[in-house]
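Okay, got some structures for you below.
Next come two complexes built around chain A: one with chain B, the other with chain C.
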Partner chain A sequence: MFYRLSGVHHANYVSDSRIFKVPADRNLAAFILLLGLAAPFIIPSLYLNSYMLPWLIWTAAALGLNLVTGWAGQLHLGYAAVMAVGAYSAIHAARFGVPWEFALIIGGLMSSVIGSLFAFAALRVKGLYLALTTLAMQFVMDWVLTHSPMISGGSHASLQSPTLALLGQDITSDTGYYYVAFGWCVLVTIFMLNLKRCGLGRALVAVREKDFAAAILGVNSFYYKILAFATSSFIAGVSGALLVATFFFLAAPEQFSVAVSIQVLAMVIVGGLGSIIGSYFGVALILLVPGLVNGLVVSISEGLGMQVNIETLAHIPNAVYGALIVVILLIEPLGLGKLYGNIRDYLMVWPFDQFKK
Partner chain B sequence: MDWIFLAELAINGALTGLLYSLFAIGLVLIYKASSVPNLAQGGLTMVGAYVVLALSYDAGLPLWLAIPLAAVIMFGLGFGIERVALRRLAGRPVVMILMLTLGLDIFLRGTTLAIWGGTSRSMELGVSYEPLFLGDIFVSRIHLVGAGVALALFVAFMLFFRTRTGIKLRAIADDYMASWSVGVSVERGVGLSWALASVVAVAAGVIWGEIQGVDQALSLLLLKGLTVAVLGGLDSILGAVVAGIILGVVENVGADFLDPLVGGGSRELIVAAVLILTVMIRPHGLFGRHDIERV
Partner chain C sequence: MKTLTKALAAISLMTGMAAGTQGQTEPFKVGVCYDLSKAYTFATPQVAQAAQDLAKLINMKGGIGGEPVEVIVRDHGNEPQRGIECYSKLSREGVFVFDTLSTPVSLAVLPRAMEDENILMQSLVGRGDAVDGTVFDWVYPIGPTYWGQAANDVAYIKQLHDGDMSDVKVGFVYFDYPFGQEPIEILGTLSEKEGFELQLYPVPLPGSDQAGVWSKVRREKPDHVIVWMLGGAHVVASKEMKRNGIPMEKYISVNWLNEVDIANIGNEAAIGIKRGTNVVGGQDVALYQEIMTELYDKGQGSGPMEKTQDVFYNTGLAMYSIMFEAARRAAETDGLPITAKSYKAALETLEDYDANGLMAPITVTADDHGGGGKTRIEMWDGKAWVPQTDWIAEYTDVVWEVVKKSSSKYEQ
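Up next is the complex of A and B:
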């Protein structure tokens, strides 16, 4: 009733390989795209800049991690380090005088090169051991960043990002930053949507399900693992660079620490492995809810006339963030994307499934 | 190179390493019983230390009473964590279990700090800070005490694994399904391993709290503990002790050579390098079981 069809039934291959198999999904996507384009005129600039912008960039980054963890099935606990490589290379390139368009691509390519190093660990081990190796690599990268003033920018270990300029236009307004982030997120989303339905995506899924079995079927798991790591690292690098260029304005090693790696992984898993819409939900939840709960605690304690210790307030978002991960995993291990899918599947056939019983 | 200085570095490294083992034994206990990598062990250690402090300083109990009481509380907490969280994810892919324990770690850390505040507190065990000289070699007393605790726990667990309950745990570690079919309560066994790991966390929290103060930094022991556990083989307690000593010596001696070259702070780097090399060269560690994967 809501989707004006009851179930998805393909009659030919063309309909099977469509991006949106249900017209209502396509309409919804178009509506959200329009909403995103109109957002600067609807949403106050404070919210636009402090919520929408990081949400979009982190979503792009999370989609990149989803590519390697959700699609190719390779655990990655060093994603923030890869983002850092992209951010620092792009900003150094931009400071050197390279136009931003190329600086972003340089950042992405540098990330790809370094990120492929992580893939060599993936060729030897998988699962838990891969997670631990990438975690150790993250520590090594952190160490290199903080111990080489040449990269991290002198004694204060911070690096000012030059003014962002794309296609000859200086971008300095909030609206401009928003559109840059929006454009990048849409690009990555379109890429991921198409990945699902092409040979590369299917090969990655085969590697995820069982790499030996994939090799027997003639899928070169070695090649596809490296490809997955390189592609996801490219997305990570550009996202990292944009994050610094449009949100932080200053690159510092703490922005790409282990905690950030864990956070991106949490976004992907809470959203749902291999789910695109789930990544949007996951990022929103992890990024926004802890702050909201904190605001709630403050207002409740003020309402009750209680004085909450300032230190307690500072640590509540962390506790909430951890609890969110645990609770979502316990409720639905496949993440918010799966919850959305369940609701959608229910509504798809809604009044008619009642008659079957 | 001065041999006495080198010996001093090695001995102190070995003692520190045994303290890493103390931490790693908790990881190994859980991995052994349920193949779950417990990344929340750092958070548990921190909670253990804070509970001891809360009982001894805030409630005014003497330390010899506070520590066993904290161990009992943590025993319950460990059991509870397994019951509420881990059991429901049993059999899921490792990525979800990893994320769950990471989430638990963040939650435990956040809650602890929200309750007791983030300022570093000191844990006074009454061990004197007077240096102890063995011949010409300087040894820290608290490290010696901690190493003793680690070895005592190691012996205790070795004996424990010979008791009836211990044999059940070993059976569970060996094969879930088989132990189920002969009537071993797998759930209770796994819960027990979490409870024991939490008790180990109290020991690690107390000793490390005395050495570096009780604060968030306690949970940073996780990387070193993981390295020790992986080097030792993840499911071998003997491995954890041996690997702890190896890592401690390599870290202490290596840092002394490397620090002047790179301008300090090379300990983290050495630990990470040991972890990467172990996984690359010998993923099942020194004493771990080598799993064979079938398609």
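Up next is the complex of A and C:
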């Protein structure tokens, strides 16, 4: 009923490898795209500016991490450090007078270079050892940022970002920032959707499942791992730069600390490894839910007229949020993306599958 | 049923479905976006409690300009993104005075506050160069900067050595990240100026392992050790000092050393430890006594009693006395409702204001948003803190040179 499957036949490979095999999915995506475009006109500026915008940028970043962790199967604990490289390079370039379009690309490329340089060393080991090596990268970057005023800027290591300008247009309004974030997130999403159905994506999946088996099939696993690191680092770099340019307005080491790396990893895992829609859900849960639950708990306690100690009030949302993650992973270990998939599968031939039972 | 509808209304308000009801006369509100759950919890509960108590006291006396005042406390968990969310949310609800008490969040909120022309109070946190009012119009880090505090520590040492520092060795033990690194530059400049020898001892975060640092201090024998660390790191340091036979008198801490740390070190063991401070510690303060008799004796305090017996509670009282005093003056001169502009003007009329002997007198001007940066050195005698100096602000020319150098980079 919801997903009309009648008339959907895949008679050749091209048709079978479409992004959206069922028209309903495509329509839903188009609808959400339209919603996203119309968001500045229907969503109050507070929600646009402090929820939607960071959500979209972090989703783009999480998709990048999903590429290396979800698709290529390489655990990465230094993702925030790669974002920092991009952010700082882009801002320094922009401060130097480079137009923002190029500054963003410079940021992405710098991240890519440093990310894959590190991968060269890190990829000599696998699994948990790789995770630890990437964690080391995070610490190296933290140290570099806090110890080189040249890079990190002046007082308290904060670096002011110049006004964002794209295509000769200064971007200063909430709506403008939103569209930049939206545009970048859509771009990354389209890239990821297509990655699934091209040779590179299949190679990455082969490497993830068993790298030496992939090697026997003629897939150079080292090459593809490096490629995954480089691509995901590029996405991280541009996302980091945009995060600073459109949201923080200045870069500080705390914005890219080890805690942030772990947060991004949590977004990907809670969302679902290798799931695109899952990344959207995962980011929403990890990034936005603490703030929302916090507001909710405060309103409830005020609404009920309870005199709750401010410290208790601050810790209840953390407990709720932690419990939420546990419950979600218990219900569906494959993450929120899979949860969505389950619902979709259930509704796929609804109500006709009911007859079978 | 009524509570249920109330709760439902609150939830719908929260999800943004219902527009907030606008009262006709807006009370003066302070947005207190604090980290009550992560890194800053060693101080934030006490400060927030002081803010709430002070607001209650003011409201008991009729509020400001006849209107009650309100402090809105929210948790941001020390995450810049949530701090911005808190700021954006409250500023749309008509709040124009904010305090974050967290350096990362203050840094993140600052560009927005400057853009929106909202007042950002950031006593003791955030970028130090924000005291430069010519660059940071809307930011008021009232209280000492870390630069000023370190300079005052040096002035105190100079006083101990009768003005001659040529054969004095000063050690600087600091957390090896921006908070701890900040005073290095000024200490270096002063060491050239005064001729003392400066020795640097970085401590890796989180400061739980300091064995190497203090045995190095023992070998190099500095006469005084200025310490830029927080919370539990003081306790670790004191143990290592004891192990290495370094007398406590050498220890001069940044203002982040409180009664909890003293209790953890041990009342007796801590005798001789010194700290720089801009507020009067202890309970022998007029405002504190008033809050006790008006609120806590009647069971109306905003939190547990023991939280008030902490220097950070007094710090909170000082910070919020300034904020409410400025609001009172704004209401007096420009009437209600108080706006960000009238509030800013009122802040800059504060002259030698010390909240009835609670803190170092501050004088805020359009150029100096720090209020003069006076501190004093106190020493723990086993029962109470004994002042070692008057309220001093020394080497202000050197401090301002660093401030100007740093703030000039902001606008580039």
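Convention: the second predicted complex is superposed on the first by the 330 of 357 C-alpha atoms of A that agree within 3 Å, B and C clash if a C-alpha of one lies under 4 Å from a C-alpha of the other, contacts with A are read in each partner's own complex, and residues count from 1 in each chain.
Quick note on the criterion: a contact is a pair of C-beta atoms (placed from the backbone, for glycine too) under 8 Å apart; a residue touches a chain by one contact, two chains touch by 3 or more.
None of these values were measured; they are calculated from a predicted model.
J.: Name the contact category of A:Tyr223: first (chain B only), second (chain C only), both, or neither.
T.: After superposition on chain A, A:Tyr223 lies in contact with neither partner.
J.: Would you sort A:Ala252 into first (chain B), second (chain C), both or neither based on which partner it touches?
T.: Second partner only.
J.: Look at A:Phe96 in the shared chain and tell me whether it touches chain B only, chain C only, both, or neither; answer first, second, both or neither.
T.: neither
J.: Is A:Asn49 touching the first partner chain B, the second partner chain C, both, or neither of them?
T.: second
J.: In the overlaid three-chain picture, which partner chain does A:Gly291 touch, first (chain B) or second (chain C), both, or neither?
T.: second
J.: Is A:Phe2 contacted by the first partner chain B, the second partner chain C, both or neither?
T.: Neither partner.
J.: A:Pro333 contacts which: chain B (first), chain C (second), both, neither?
T.: A:Pro333: touches chain B, not chain C.
J.: Given the touch rule stated above, what does A:His315 touch, chain B (first), chain C (second), both, or neither?
T.: The answer is both, since A:His315 touches chain B and chain C.
J.: Touching chain B and also chain C: which chain A residues?
T.: In chain A, residues 147, 309, 311, 314-315, 317-318 are touched by chain B and also by chain C.
J.: Would you mind writing out the residues of chain A in touch with chain B in their complex?
T.: Going through chain A, the ones touching chain B are 69, 75, 121, 124-125, 127-129, 131-133, 135-137, 139-140, 142-143, 147, 210, 212-213, 216, 262, 265-266, 269, 273, 309, 311-312, 314-326, 329-330, 333.
J.: Using the touch definition up top, name the residues of chain A that touch chain C in the complex.
T.: 44-47, 49-51, 54, 95, 146-147, 153-158, 160, 247-250, 252-255, 287, 290-292, 294-296, 298-300, 302-305, 309-311, 313-315, 317-318
J.: Please name which positions on chain B make contact with chain A in the complex.
T.: Answer in residue numbers: 37, 84-85, 88-89, 92, 94-96, 98-100, 102-111, 113-115, 117-119, 223, 226-227, 230, 262-263, 265, 268-269, 271-273, 275-276, 279-280, 283, 293, 295.
J.: Note which residues of chain C are touching chain A in the complex, please.
T.: 3, 6-11, 13-14, 16, 36-37, 41, 45, 48-49, 52, 73-75, 77, 79-82, 84-86, 88-89, 92, 103-104, 107-108, 110-112, 126-129, 176-179, 181-182, 302-303, 406-407, 409-410, 412
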